[in-house]
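Shared between the two complexes below is subunit A, which has subunit B as its partner in the first and subunit C in the second.
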Partner chain A sequence: MTKDDADRRLDGNAAGGLLAEVFRVEMTTVETACAGCGARAPVGELLRYGHEMGAILRCATCDTAVIRVARTRDRHWLDLRGARVLRLDGTPL
Partner chain B sequence: MSEGFVSRAFRGRRRNPELEGRLPPGQYATPDFPVLSAGPTPRTPLDRWDFSLMGEVDGARRWSWQEFGALPSETVTRDIHCVTKWSKFDTTWRGVSVDTLLAGVETAADHVVAFCDGGYTTNLPLEDVTDGKAWIAYEYEGEALAPEHGGPARLLVPHLYFWKSAKWVRGLELVSEDRPGFWETLGYHNYGDPFQEQRYQGD
Partner chain C sequence: MAVPLGTTGPDSAARVRWRLAEVAAVVDETPRVRSLFLTVPGWPGHRAGQHLDLRLTAEDGYRAQRSYSIASPPEDPRIALAVERIEDGEVSPYLAGEVRVGDKLELRGPIGGYFVWNAAAGGPLLLVAGGSGVAPLMAMLRHRAAARSDVPTTLLYSSRSFEEILFREELDRLAAADPSLRVVHALTRSQPEGWAGQRRRIDAEMLEEAAGLPLPEALAFVCGPTRLVENVAIDLLTLGYKAHRVKTERFGPSGS
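So, the complex of A and B:
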């Protein structure tokens, strides 16, 4: 990771709105387990890249793309191959 | 079209006739060179960099950085078009034509998958990277290609949206079955012709 990268990327909280369009629940506090290294982290603490084309949320430990989500016109595309599990706490809506 | 009595001031930005027809639909021209990355910038030392041709070829080929730099190079000036709607005119690159890399290669493949440091991939028809349409570029505007723009080397396929011009490219895999890449599996168009405005699947 370089200073330039740190200047350009955001944390996963910046993808909260886009993810809420898909899940309809607050996603930034959902705990993820990285399929690459097993590290557990809330979505808000993943590292967000790919700002304008979509959200690429990477593991802060190993850079695996844990969640990939994009909006194309009236569709959303969601790739969770990098997430071993998502843990959603609280009472289902 | 009659301009009637509408004065020049009401017609908005003056158009440059030389640029007519060069701006694809839905794009705007910018002098800037925005950076869009799907991951952290890789920093592969040049003594550990190589470029590979693999897949359905009569024999895999590999060039070290030094060998790659000794290949015949071309300098090309092209317009580039990002799917996020900016276009940049007259960008000048130096690199090795994909035709040079494929010279003498026997293959039955119809497609290529560009693969990169950091795990990025993008897919293209073989005919879109041959006959003078694609390069592995290592200089931009006379300088070594900066890491944030894909250095030490990136694929340059200027007639398609710029996500096809994969940064940090390390090789091409020739395949007979098309294999959609990083953005192509996340809703973006499989081909990506900016003049057809092929941004997303279904366009």
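So, the complex of A and C:
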């Protein structure tokens, strides 16, 4: 990872708007378990790396991509391979 | 997984919908920061610390989207943003320079239930800000005052110079009226003559001096340029803050 990448990362909390396009509950407080290292963290605490079409949310402990969201004009692509589990007891939006 | 992907309930649709806000007032706060006061028809209300997404559409259809923290407390009907002008930025020079009263802006929110505080959440509270990162913390302080909360609170706030301190007079007033609130300023680039505050970047020693060692239930919110936020978060853990009681909101590169 370059220094610039490190400078540009944000909190998972900043992906709240993007995630609300897909999920029906408040996602930033939803707890995740990382498939790489097992670390548990609310989505808001993951590290958000933005890109042209969406975002990658990485584990702050081991850098595994826990959630990937990409958006094209009329659909979303959601890759949750890095999430062992999501605990969706968040408040409905 | 029990999430019906691709469906959006009526509630969710209402929440993430793009809305047309109207600029009700603009106030130049510092040489580089302008407050925008917005009226947002149908705004569902927000919690202190949340942000919104704002998007600009050019005539050719090109869109740029950015996030801005809400600086106004839930008690205010108008939404206030504090936008810092980044010289070579795409969006902020427009918002902090060109926007006029009566202009319409497209936004959605409120967003982010993670970086929020309300009076019932208690403390002691340590708020640490760099530059415009004070915006969501201001919403917390304004809410705290409106709720007449006496949760022991310290704001440690780093600015480049005296002129660049955002909301300085309001912070002075809040602290003067409230013995349970402390405001400590750090000026990193230049200090006026006789400056009694801090004169360097925020570090562990300064954090300890400002807030003391944390009580087990202490809650910290850190917001500003990504590098500042990460350094402060590490310092707080070293000082004994619990990881899940340190909440961060990175704004990205500071642009300088």
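Following the convention adopted for this analysis, the second predicted complex is superposed on the first by the 84 of 93 C-alpha atoms of A that agree within 3 Å, B and C clash if a C-alpha of one lies under 4 Å from a C-alpha of the other, contacts with A are read in each partner's own complex, and residues count from 1 in each chain.
As a convention for this text, a contact is a pair of C-beta atoms (placed from the backbone, for glycine too) under 8 Å apart; a residue touches a chain by one contact, two chains touch by 3 or more.
It should be emphasised that the depicted structure is a prediction, and the values quoted were computed from it without experimental measurement.
Engineer: Using the superposition on subunit A, tell me whether subunit B and subunit C clash or fit.
Structural biologist: On the shared subunit A, the partners fit.
Engineer: Going by the contact rule set out at the top, does A:17 touch subunit B (first), subunit C (second), both, or neither?
Structural biologist: Touch partner of A:17: subunit C, not subunit B.
Engineer: Touching A:73 in the superposition: subunit B (first), subunit C (second), both, neither?
Structural biologist: Touch status of A:73: first partner only.
Engineer: So, A:58: does it touch subunit B (first), subunit C (second), both, or neither?
Structural biologist: first
Engineer: Report for A:29: first if it touches subunit B alone, second if subunit C alone, otherwise both or neither.
Structural biologist: A:29: touches subunit C, not subunit B.
Engineer: Mind working out whether A:82 is in touch with subunit B, subunit C, both or neither, as first, second, both or neither?
Structural biologist: Touch partners of A:82: none, neither subunit B nor subunit C.
Engineer: Tell me which partner A:49 touches in the superposition: subunit B (first), subunit C (second), both or neither.
Structural biologist: It touches subunit B, and subunit C stays clear.
Engineer: Pick one for A:5: touches subunit B only (first), subunit C only (second), both, or neither.
Structural biologist: first
Engineer: Which of the two, subunit B or subunit C, is in touch with more residues of subunit A?
Structural biologist: Of the two chains, more subunit A residues are contacted by C.
Engineer: Give me, in Å and rounded to a whole number, the least C-alpha distance separating subunit B from subunit C in the superposition.
Structural biologist: 9
Engineer: Please identify the positions on subunit A that touch both subunit B and subunit C, taking each partner from its own complex.
Structural biologist: On subunit A, the residues that contact subunit B in one structure and subunit C in the other are 4, 8-9, 75.
Engineer: Quick check: in the complex, which residue numbers of subunit C touch subunit A?
Structural biologist: 1-9, 11-12, 15-16, 51-53, 67, 108-109, 111-115, 226-227, 247-253
Engineer: For the complex, give me every residue of subunit B touching subunit A.
Structural biologist: So the residues of subunit B touching subunit A come out as 35-41, 43, 83-84, 118-119, 147-148, 163, 183, 185-188, 199-202.
Engineer: Which stretch or stretches of subunit A touch subunit B in the complex?
Structural biologist: 1-2, 4-5, 8-9, 49-54, 56, 58, 63, 65, 68-73, 75, 77, 79
Engineer: What residues of subunit A sit close enough to touch subunit C in their complex?
Structural biologist: 4, 6-14, 16-17, 20-24, 26, 28-29, 42-45, 75-76, 78, 80, 86, 88, 90-93
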